[in-house]
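The first chain written gets the first letter, and so on, giving A, B, C and D; residue counts start at 1 in each chain.
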Amino acid sequence: MSGANRVAVVGIGQTKHAAIRGDVSLPGLLREAAQRALDDAHLTMDDIDAVIVGKAPDFFEGVMMPECYLAEAIGAVGKPLLRVHTAGSVGGSTANVAASHIEAGVAERVLTIAWEMQSCSEAMWALSFQIPFQQQLVAGAGGYFAPFIREYMRRTNAPDDIGILVALKDRLNALKNPYAHLHEPDITYDSVKESFMLWEPIRYSETCPSSDGAIAMVLASESAAEASAASSGVPPAWVLGTSMRSEPAMAAGRNQVSPQAGKDCAADVFRQAGITNPRAEIDVVEMYVPFSWYEPMWLENLGFAEEGEGWKLTEAGVTHMDGDLPVNCSGGVLSTNPIGASGMLRFGEAAMQVRGQAGAHQIDGAKKALGHAYGGAAQFFAMWVVGADKP
Amino acid sequence: MRDVAIVSVSQSTHQRSLDHLNEVEMIQPVIQGAFEQIDATIRDIDFVCSGSSDYLAGQAFSFVMSLDAVGAWPPMAESHVEMDGAWALYEAWLKIQSGHADTALVFAYSKASPGDLPRVLSRQLDPYYYGPLWPDSVAIAGLQARAMIDAGLTSEAAMAEIAHRNRTVALDNPHAQVKGSASIEELLAQPYLSDPLRVHDCPPISDGGVAVILAAGDKAHQWSKRPAWIRGLDHRVDSHNFGARDLTTSPSISIAADKAGVAHGKVDIAELCTPFTHQETIAVKALGLGDDCVVNPSGGPLAANPMMAAGLIRLGEVANRIMDGTADRGVAHATSGHCLQQNLIAVLEGEG
Amino acid sequence: MPPYDNDRVVVELTNPGWSQPEIHIPAGGGDGEPVQRIRVPAALRYRYNPGTAPTEFLLALANKKLVGGVCPETGDVYVPPRGVSPVVGRPTSGTVEIGPNGTVTTFCVVHIGFGVNAPPTPFVSALILPDGAAVSLYGTILEIPIEQVRTGMRLEPVWVDDDELTTSFENIKYWRPLDEPDVDPDLLKGHM
Amino acid sequence: MADGSSNELLEAPLVIEYPFMRTTGPVIGAFLTGLRDGRVLGITGADGRIVCPPVEYDPMTGAALTEMVEVGTEGVVTSWSWVTTVREGQPLQRPHALALIQLDGADTSMMHVVDAGTSDAMSTGMRVAIRWADEREGLISDIAAFVPAGAQ
């Protein structure tokens, strides 16, 4: 990438995600992920040069700039500690900022952690407390995005059950991921279809849960990565490209169904990774899908499908684990949503795939994977491409 | 390492309260000012990074709205830290070092006036043990000041002298909020705000912002006759447990100063983000600054303290003095958290 | 039942759950249940000032008018105005009156409302482009069967009674259909 | 054109309020349980120091700590400042000291308030004791305040 130092993921750890992690404190939650990532990398806190953390708004947990409080738990005392916040894309952005420490040559090994303890409050509250003079969001958070999903359906003439197919697939995939929040073995097409309609066309089973959870990764330079891999026996995931793009929340000419920032970000990250035909060259995708319909929408936005054709891939089963472009084998955001961590979970799960670590939801022989995150009014994007082979 | 410099600095005229402006309206002219100084536009910028905190004005996703002040259309490579803008500059500097960008806009801002800032800052504390006690930030700083006094490392008179110097030099700072000072004797005759701290020992509450433009190599030369080159940049954090650490020292400043190479040359000026008088003494000692170093020629955060911007302003103040030739080498410091918990050190140099 | 409360149970962890390490607690404590979760209320009080351009917008609303901010380069009108054109990062060059009638650019049907002002469910929440504006506002559509709501439909605002007018968004109670021809939805794509 | 005569300053209160729920984990939970039972627990740090209030991870090394010990309910003020402007939520709604207090048997200090009446009654090194809350429920506020030793 741009002649900078090579970066690889050598350790990945995540917590068990749940509505309320009643057994751990806030520091304990981060520590659980951090310790697992270090164990995976065969490293200790002492080996880490810098700690880069990310989470969504501080109001969610009621702690202002919580990284100061959490410094000991994440082994940051005496080290650089950086806190990223880019709305829903933050988990992805944080991983990218962590990677830039290695690329820039200021660190050999960094620990990066993203988390949210949604049980401290309620996201619905934190996202919608009433600001004086302003419009009350009588439609709730989903009411913000549902109109753009309807517009997608209008533009593409997609059948109205595509969202059901996505939700069913992701929740079934989650059964193969022991860390996922929602494990619904009895889920069926009909149970999703019959679940409570919230913001038509979005049903309850087509929305993400509120989760407590964290994920951590150890990123390393080329030499440090090879040393770590030799010790742990697990190959590194090489970072082939990182990119971030943002656009204003409102702008004449904005396309909220397929935002330009997402297209630009994908084009940039694929260019860095030397990928010219993403559909053919990417083996597995971890995509930020908080509402089911965003899978076909992002398939188009990311360049995996022509405009208006994304839903056809979903409908044909292309994004199933046995399809030729598996999407969200982990169960995705629809099964696990610790908001600030959700982006990094996508990045981490992508890296697990190319390291062959994904267990029951592993795609055999995955060589290149895309991690994707977005946030705000579908205006902040972060992506990375990781590969099994050193660039 | 690539040669990266600060080439433009713009800041608000900081005020106790800018009630008529929202955060976007407040920061937009500051950003525009940074561009006008070098006759550039957002199209010349490869990466944007900002620093702010939702808690100060009670605005969730404050940074989402402030992006409007950038004009990120077409979309841009952009990021945000929930930290002082000095750390946003660090992220931008990494981006340039890694070759993903040659230029960057960094900005930071806050409106602390809408809330009760000393109370708001209690939300930074341990949420199990200390948050529920709602201790205010001035009283917490007082614990550190008392520890300094008890250890014989400062005195109320020495603290008043620091306040007097900072407030006096602020007369020459057009952006300062607190300008000019009563005599040291008069200051010491004032009642305590939070014994052992008097009003002059504490920073003002400020609304304001800052914008800085970074450029690498030739681009820096093109934009500035004498760029302020970033020769060292490092940041470190200490324990949050200030009942378990020595409050009279700052290990994190010492480590960051060492990594940034502060001691590798004469330091002409230092801009320290020490919002309480006794903290200047801690920082000067931890940095190893000599008597020949001019500390806080701008008046520092005792003269204007827009949270989240105050640290980046320190880098800007040093950069300005290098760009205008009044200094050849300077140190800038930024801080985060209570009792100087987290610290960033930058070493800036002129040509040669 | 509010769906968001459905999954709010404290988990019993199983493999691969992981707890913090076993700790040793000295003897001598009481025999009550150990503390596992605490409730810590917090209230922060702020003054809220909307800013110069939003204040103009709110004052206009109090007179049953909609105003937007004009982008100095493109001439596009942004509503609600925030004082800066988001596409160029420059101050808007004044405000102009827009609407008050508008067009549905897209919408959804809400089956779970929030807050005391939410109408009975189901209701339609729409993005509505005021005439002359470049971007849409959120609004509720009533006085029409839900299944007849469509993108491109023309609307007018229904205001609260004059003696209830304040400097508030809530002055528009809801929007209702106008007897006018629909606008071609494809013309609305960049104006949501 | 609507004229831009917005000299009027609109203002309204904004209250951000929530009853946050926090899971404690074993160490914090044991400390808060102890307060409810009328005793104070510390934890043995990586260097053998007794850290009180107990933390899950060593303040210097970050190591996970597990060995809890009981410490005293009296101790010494190691630093203090005087709070004249009392704020909402503070344990004492009258002027008081914010203090760091090293309890007997502990090697680190706890931040809490001292109900001393006037600042003249405060000094570094003074002995203080816990005044327990009338109703204890497993919160830091189970310690209503510290008071000069012998005065509780």
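By definition in this document, a residue touches a chain if its C-beta (ideal position, glycine included) is under 8 Å from a C-beta of that chain, and two chains touch if they have at least 3 such contacts.
Please read these numbers as outputs of a predicted model, since none were measured by experiment.
Common neighbours of subunit A and subunit B under the contact rule above are C, D. For chain pairs B-C and C-D, the one joined by more C-beta pairs in contact is C-D.
For the pair subunit A and subunit D, the distance between C-alpha centroids works out to 37 Å. Note: centroid distance subunit C to subunit D, computed from Cα atoms, is 39 Å. One inter-chain figure worth recording: subunit A and subunit C are separated by 25 Å, centre to centre, where each centre is the mean of the chain's CA atoms.
Listed for subunit A are residues 20-26, 28, 31, 59, 61-62, 72, 76-77, 119, 126, 129, 131-133, 248-249, 251, each touching two or more other chains.
The multi-chain contact residues of subunit C, meaning those touching 2 or more other chains, are 19-20, 36-38, 40, 42, 44-50, 52, 54-55, 58, 86-87, 167. Chain contacts: subunit B has residues 19-20, 55, 58, 65, 67-68, 72-73, 114, 116, 119-120, 123, 127-128, 131-132, 239-241 touching two or more partner chains. Chain contact summary for the complex, subunit C toward subunit D: residues 19-26, 28-30, 32, 34-50, 52, 55-56, 58-60, 65, 67, 94-97, 167. Within the complex formed with subunit B, the subunit A residues making contact are 1-5, 25-26, 57-59, 61-72, 76-87, 93, 97, 100-101, 103-106, 126-127, 129, 242-249, 251, 259-261, 264-265, 268, 376-377, 379-380.
Put simply, subunit A touches subunit D in their complex at residues 20-28, 31, 45, 59, 61-62, 72-77, 117, 119-121, 125-126, 129, 131-133. Subunit C makes touch with subunit B in their complex at residues 38, 40, 42, 44-55, 82-91.
Across the complex, subunit A is touched by residues 1, 48, 53-55, 60-61, 63-65, 67-68, 72-83, 87, 90-91, 93-95, 97-100, 120-121, 123-128, 131, 234-241, 251-252, 255, 336-338, 341-342 of subunit B.
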